[in-house]
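What follows is a structure written as structure tokens; I'll ask about it next.
The chains carry the letters A, B, C and D, assigned in the order they are written, with residues numbered from 1 in each.
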């Protein structure tokens, strides 16, 4: 049974993220919440949404209960429209065929830059993280949606290391760095939905999740947040959204 | 540093001219093929993450106690752990290095990079791809539009940002990567090395063209006649290939498209053991699975019949519908 | 001149963003699809010489009396004659332009270039290929090592020789070519435009990625289900494609790999007629075969049943052994 | 029956050209005499010779009596080892996988430059020729053998237009132009076999065909010829060579 009144933070994340997608878009999705959210959007509102995977998959077909655990294995290719080389699928981004890159994030800053390479000084790191994978390419070349957990240590003023560029140092610095296309579009957490100011390119709250206060968001964020002048409160997950989501991930691998 | 990385074109050409590129049989054993890999070489590894990893060849290289290898791969998984952990490699070029997305950080990678001075040289995924592609095309660089503005680029003085002479736009030129030897595992090839690859190709075609030597391991060797019936299915031409080794389950415990999926019980146990103790755990793993078995088949027997059969059933299932 | 050729990246991206790239059916008639081709456009033509020429689409464009097209193709054959002779094109970019190796010089090409002021812009074969490839990769140029030192390069100020910033070697940068529309003929695709190509691919994949619109003609439309059973056989993804037209024998009188070889009696008669009188001979040919038939099938009927059946028998024979 | 005492100029050309190839080489061959000669070499002495075609064919298999009329049609692909894109087969040359490029020629000069683009002033040509095709790429990137008819108007001091570069202006001018690899290796005609001086890079006669005098070669050449100090006379076609050649081209399409 669908219990629309009880849902997890991960479920909220997936559902709110799925609402950001539009029918007809071509979406480069990472595994986990991004893929779950994209598939949810496809089933709910966007039958013409196309999902790409980094391993080289175009127009993936994701079956309920069988979400692939990585984007480089054969399960990702099943009943896809096309598979091609890993560099070639990234070149589709560079050419401009992709509307949205959709990833998770470990650490983000006020300008939407993501770090997945180093904690601490890169020259003598406290922790060597796995690195960019396709993240740098995707975030350099298209509009990004990031779905991630909201913790103060993950939302920092400036990341230790810009692995995947958002708006770099804000203003026109992204464009001036040689990235005239794309940029951070939305950040979705279990607390709020964030956009970026048109001029300063700093993160700002567009909508609070149901039951979340401004203070709660600010308290969990490592830098001063702006709030959009038209700040809204997000519609809670509907029972229909939850029902489809739970069909997609019946074992709660990604929504526990 | 750059000088060390980019061979002059005339040298690349001379290396290739000296290779025997004739249509000839080159089937040999793992042991013989491993002779193409010498200490200190640049080794390009095919496949990605847990897919079509040339594990049997890596296994043999580690058994032969190779050292100081500089390895490159688009996405590195437990192959990287084993190369660092065994002492075979001290340098790995890739865009992502963990055991697999299911298990989080690799404690083995962290140990060797954070405390042992081994180098994990990070490029963007496309950056690695464009480096192989430039190498395969016989040009010293390719232009790309990612990495710009990031610290990934700032850590890579080997790449050169330029203003485009046509448009004035900023671009990044990434240098060619021509490994001394490439290790690639395929579903099938003939005795000459004409290879067919099913499913995801990753960067293997560019890698094969870029490398100065290619060792092909294959699930099966088919006749040249079979290759010639569908020449548009050949993905790597024979004259790129220097050794052909038939090794069924040659990517185990990783997957080979259409034949077997990863052997997840083994992988889970491996990750648990090495992440619990990146030194001793790894040493014990290598002893048991790499150094002690007398043959690749003995290694497979240690992984176990149940795992192999289950992985094979899942692997074949991609064609069931 | 360069400014006119190379669109800024932001413009290329904006053009693509405005395209409907969703998974949707786009099957239409030749007449409708030809609407994507407007006077003055840059038109990229798939196939090569007498192979997989998108002849039905060219036929329709000429019937619709398009003008001032700038056409590009790796190797141009009678398609170029017809485009110049009909007045549809005044500019052709290629590396080789004759009717086919059997017949020597094209008198039609000579007439239009030597006396009518039409332009045959010559690049090396690889030069054309690298221009499409740059276009498909979303970069403004690619480096290459041919054309240097030749008069072919000297006639092409659009290309820029440079000293390599890595090695100091001389290289030639060739600018991206992004046609407004590409015409490509394939053996089969689905209603969305996912295309499979058997045999020689020529430059069609790069061309499809580079163009701002793609019209696909196809020998047959298969189900999306069939495409999805072998996604590693898809050569052009649906989102590159704007129109799908099913046209059996759509490359006639040229060949389509595995289906029919060229219709040589027709070709011989054509060459004899147009080379005897590049103006009147061409005009009469166009009247009879292009303007008068009411449909593509009527055009095929004029080529004749014997020719079609013989060409089909030869075409299929590639799979007989 | 093989009539070893009677053979055509085209047959001489094909046989002498075939003798220039070595077993194990990778040869990029044009149709006509080059393909015929390469196939002859394969059958006589070089079973490990690999033939590439410009259309995208690797390791072609040529059947006696069925020589393909062009390098871009399906007949070229039959029982080949691989087919690939046209740009990609040329990139194999650029990478260095190919030992020999083997073409015909319409007009050649003292430095081995070939013209297949223009007769007369390129700005207002008397004749617009078909153009380079892959010729420029092949001759820029590998060692060339050219088999062609020997006529004075075809052997000129300087070609009107360098379509496919030989040694450009001689000396180091090829290397200095950015072409450090390859160059003209041999020119074969029905009169003689030519090489190029190591320093001046001018064409010189290495061997006269049987029954041909120095004067005859010079009289049919539009520039002053040097003769190698070890000038030899070529062995005439053997009956075995002629026999195999005639099996390959029984209808004399290329050897009339």
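Here is the rule we go by: a residue touches a chain if its C-beta (ideal position, glycine included) is under 8 Å from a C-beta of that chain, and two chains touch if they have at least 3 such contacts.
Everything numeric in this text was worked out from a predicted model, so none of it was measured.
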Message = Starting from the defined contact criterion, work out which chains touch chain A and chain C both, please.
response = B
Remark   = Quick note, more Cb pairs in contact for B-D or A-B? It is A-B
Key: Geometric centre distance via CA averages, chain D-chain B, whole Å   = 40
Key: Computed distance of Cα centres, chain C from chain B, in Å   = 38
Ask   = How many angstrom between the C-alpha centroids of chain B and chain A?
value = 29
Task = Could you grab the centroid distance between chain A and chain D? Build each centroid from C-alpha atoms only and quote it in angstrom.
result = 58
Ask   = So which stretches of chain A touch two or more other chains?
value = 57, 77, 79, 83-84, 91, 94, 180
Inquiry  = Can you pull out the residues of chain C that are in contact with at least two other chains?
reply    = 9, 138-139, 144-145, 169, 171, 199-201, 229, 232, 321
Message = According to the definition already given, which pairs of chains are in contact?
response = A-B, A-C, B-C, B-D, C-D
Chain B-touching residues of chain C, taken from the complex the two chains share = 2, 6, 8-9, 138-145, 160, 162, 164-167, 169, 171, 173, 175, 198-201, 229, 232, 321
Key: Partner chain B, residues of chain D touching it in the complex   = 23-26, 47-50, 57-59, 61, 77, 79-84, 91-92, 94-97, 99, 180-181
Note = Within the complex, chain A is touched by chain B residues 48-51, 74-75, 94-98, 100-102, 105-106, 109-110, 113-114, 120, 122, 124-127, 129-130, 132-133, 144-152, 155, 161, 169-172, 199-203, 205-206, 255, 257-258, 261-262, 315, 318, 321
Query = chain C touches which residues of chain D in the complex?
reply = 31-32, 54-57, 69-70, 72-79, 83-87, 90-91, 94, 117, 122, 125-137, 140-141, 161-165, 168, 173-174, 177-180
Key: In the complex with chain D, residue positions of chain B that touch it   = 9-10, 12-13, 16-17, 20-24, 136-139, 192, 194, 209, 224, 227-229, 231-232, 234, 237-240
